[in-house]
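Below: the structure, in structure tokens.
Going in written order, the chains are labelled A, B and C, and every chain counts its residues from 1.
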Amino acid sequence: MSKSVDSALEVKNLTKVFHGHSFFRGKQETSAAGKKETGDGDFTAVDRVSFTVKHNTIFGLVGESGCGKTTLARSILFLDPPTSGDVIIDGTNLKNLTHRNLRLFRKRMQIIFQDPNSALNPKLSIKRSLEEGLRNQKYSSGKITGRIDRLLDLVGIPVSCKNKYPHEFSGGQKQRMVIARALSLEPEFLVLDEPVSNLDVSIQAQIINLLMDLKKQFSLTYLFISHDLNLVSYLSDEVAVMYRGRIVEQGPVLAIMENPLHPYTKKLLLSIPGNIEKIKNRENAEIFLTGKKPGKDVELFSLTGCSYYNECPVREDFCLKEEPSLRIVGIGHLIACSNDKYLKNQLLYKS
Amino acid sequence: MKRSSVSSRLMLGAVIYLVILGAAAIAAPVISPYSPTDQHLENRFAPPGHKYILGTDNFGRDNFSRMIYGSRSALLVGIVSVSIAVTIGITVGIIAALSTGIIDNILMLLMDSVLSFPTILLAITVVSFLGYGLLQVMTAIGVIFSPVFARLVRAEALSIKTEEYVEASRAMGSPAVKIVFLHIMPNLMGKVVVQASITFALSIVIEASLSYLGLGTQPPTPSWGLMLKDARNYLVQAPWMSIYPGLALAMTVLSFNIIGDTLSEKINPRIVKK
Amino acid sequence: MKRILQQIIIVVLILLLPAGVLLAKGQKEERALQFALPGNPDTLDPQKTSGTLTFQVLKSIYDTLVEPDQTGKIVPALAEKWSVSTDSLTWKFTLRKGVVFHNGDKLTSRDVKATFNRIRSKKTASPKAKEFGAIKEIDTPDDYTVVFKLKEPSAPFLAALASGWGAILPESLIDSGHNFASEPVGTGPYSLSKWVRDSKIVLKKNPNYWMKGLPAIDTVVLDIIPERSVVVQGIISGQIDIAYRVDKDDLPTLKANPDVKIEKSLSSLILVMAMNSSRPPLNDLRVRQAINYAIDKQKVLDIAYGGGKVIGTFLDYSNAYYKDFTNLYPYDPEKARELIKEAGVTKDTVLQLVLPQNYELHVKAGVMYQEMLTKVGLNVKIKLVDWSTWISEVYRQSKFDLTVIGHTGKLDPDGTLAGYGGMKRYVKWNNPECLSLINKARVTTGFEARKKLYDRALEIMAKQVPFMYLGTNYVYNAIRKDVTGFRMTPKLDTLDFRWTEFK
């Protein structure tokens, strides 16, 4: 596992399909919107997603709830292995690991969940929750105690609390413990799945600051998942925007924030209050927020072309013919849109 | 407020009754004035009095002693059959919850088909296969009630499985067995305990019913069901033969049900606090 | 609350149901005799069943050549007299003249011949065909003489002729393939008027019956009531006139009613605790004797079986061939204990007492036996089995140490005793002498000659005790006080209404 590899995480063509219910396959939970039906009750929750995260950076992933963000996160960590595609972490393709080796590898990648209330087993004391991973890695008892104390110290929880149970703590404290647990195995790469969205606003900043401190201290790499483009743009080095299982736009944070190209990205950015001034190509802001180009909408299940067609203000008939693939429009800036005319117009503002 | 104080008093009563019953069962040889199987043929149908506190039966056996020894059968049946049911139920339920697809479906189909039979009928069928006797009855009851636990455990395990702490545990590389014992089991035990206390009561009733039908406890071993069976021919002549074992049976069942209800309110506190 | 009310209503309705059935039955014009029958006969063809209920009903519809009287002695019926040749192979019966069937046919020797040819025919497939297996041929020298030629001497032959399966059918209807199963035609005191399944069988008096002046009652209704409590209520309220074989637990209720009388009679049962006499330690005579000493027989009879007469050997008390051996093994637990010690049987030896679970009385007796045997130092464990298991495992395969059962006494003692002393019988008691005595008695005719042989065989059985002989119990019929003359045929237990009348 040499550090010579440039990227901490490389996701290639990752696709996750949920199968419908049958006696032989059993039931796979499928939730809400954002999934494409592909027949036989199968749903494609994540569709050919590719991106790369460099060492010691934060990669933001934005999209409305149900767009496949969390599914993507779980697939990347192989908690629910992808249907196809590759996940390469620090040069290791997870697909090629044996079951056992995958378990051992897991200490290098961790996840922090949205809801700290559900992320801690209510029947276990803080100490026991924290020592679980350490025991998996066969640490000695003495070492474990020392390590737990250090971890609690690190996230700002009094060590004296370690024999208490989760229900005795506030949401913010719990999230600190979840972070401590995630760090217990000294991972290099962390997925943060909406880590603050369930917390009070006052607490959110504290947790964000803690996460940033820790990143600096341990040279961590984050995949930051959120529906909040504002927060993502504030933290990330690079941003990808997801819509209905696909990445529609991706690029360095500045490029995206100042020059959003995809109509969906635009809509997201424009809907943040007080953000309009920061956007350079903000012409016709209203139509991106509310308007649609006149024309006939298409039933979702028969949609073969661009999945944003029904909501797109700049749609053309040819958008229905083929699915747009990501293409490069700037340095590291990729967009999935077939409307060349529109794009050309937008790119004029670039310089 | 009023409601909860009534229910907590009931709970206290139930617990006290069961503690006394348990103590009587353990100390049966000390408490019983006579051997439960000794026939005093010269004192048949003696009414309750100072020689025989609760009277004697058609063979002149001491009713009180038989009831005390009968509590042993009752509690033994409850403990053993519930243990069997819980063990099978948890094993099957967790395997079903963790395995997807065909195994889950087959296991649940199996459990549902057991559930779909009337309990007593099924118990009679199973016992006729295994042979009559207490051990067979306990096994039968255990097997028959296991689907209830399997269903419960599966449903609970399925919901616990999606909890983020289980995901986190997997992310930390914990093996499945560890996840089951560290996370899933402790979090479903509460509901299992509630179900167990209700099943405990049911299994005592079924043992009594089977013994009443002559399929359960073998005479002359005392069992409440067997006592009631003997008593039914002498309802007028010797009412004490049926009243006391019937009362003991009813109180025991009631007590376990009260405990089950109270526990389930505690675990599932939606309906309380008013 | 609503649910509770519903449940109460349902319970009340269920309780009222039998009462309603009785009320409906209570409406009658001219008084018929109402008799409570516990179930439906399977058929009314006397040659196609072995069902007790069928023969109980058919006793009123059919006659036999000979029949048992109230003491069990076989007396003339359709045959006025009979004689046996000295080699016991030829039996000659002279028929009563002037007997007519319900359909008007006159009874002749041809009817008798046709009847026995029918039951022996493979086509009839009668379960009782083997009872007449000894017949070689049947001659009818004239209209009123029937001659049976036998292959070998057979003393039980006469008993077979006296039993329900010896019923005489009319030749004309046999030839025409008449359906006797639902339309029986005989020479009996009553003819079938109608049979409503699960409800009642109505019998009408045969005005041409050969016994002059009998039967006394015009109509007999057999009410089919399986529920014991309904029968008891019926007899108390007067809607039922006769209930036979009432449960002894119902006796206090019935006795309390001034309009009901209880008639007690000895059953034909031989109540025993059978011992597997080839299994240790029961193969030791001393242990079997000890068990006979250990049981207080009268007490068990009284408490478990509702009273009866103690017996000392393997025949029912009221049997003509019965001989008393009760003084051989009186109740003596002390002696029992000594014998067991002498035989070296300890508490380590477990004796399994198998009880047929569906026979509550035997189970009750078993519980008492167990207690009494425990008191003399034996270790007895009870095992309840269902009836089919008892038949296959205990009776057919002898998989038991001890078991409690009642043997039905037969009209001929051979029916009870055949095979004992040989290993084919379930008690596995080997005594060639006893076996040969019983075999010899089967082919010997003449009561005295046979009795000598049976006396000897019964004495061996009484002394060698392959059983613990308990006794013959009483049975109780509950009868309304204004009804007299109801009889049950000894051993056959059939219902005889010929002398029954209202006072």
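The rule we apply is simple: a contact is a pair of C-beta atoms (placed from the backbone, for glycine too) under 8 Å apart; a residue touches a chain by one contact, two chains touch by 3 or more.
On a predicted model such as this, the values are computed, not experimentally measured, just so you know.
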Among the chains, which has its CA centre at the largest distance from chain B's? A
Identifier of the chain whose CA centre is least distant from the whole-structure CA centre: B
Contact-count maximum falls on chain pair A-B
Quick one: report the Å distance separating chain A from chain C, using the average Cα coordinate of each chain. 89
Express in whole angstrom the distance between the two chain centres, defined as the mean CA positions of chain A and chain B. 50
Distance between chain centroids, defined by C-alpha means - chain B, chain C (Å): 45
Residues of chain A whose C-beta touches two or more other chains: none
Can you check the complex and tell me which residues of chain B touch chain A? 100-102, 104-105, 162-165, 167-175, 178, 182-183, 186-187
Provide the residue numbers of chain C that touch chain B in the complex, in ascending order. 247, 249, 252-253, 296, 299, 303, 357-358, 363-364, 366-368, 370-371, 374, 381-386
Note which residues of chain B are touching chain C in the complex, please. 37-39, 41, 44, 58-59, 128, 131-133, 214-215, 218-220, 233-234, 236-237
Show which residues of chain A lie in contact with chain B when the two form their complex. 23-29, 74, 77, 79, 103-107, 109-111, 113-115, 118-124, 129, 132-133, 136-137, 178, 181-182, 184-185
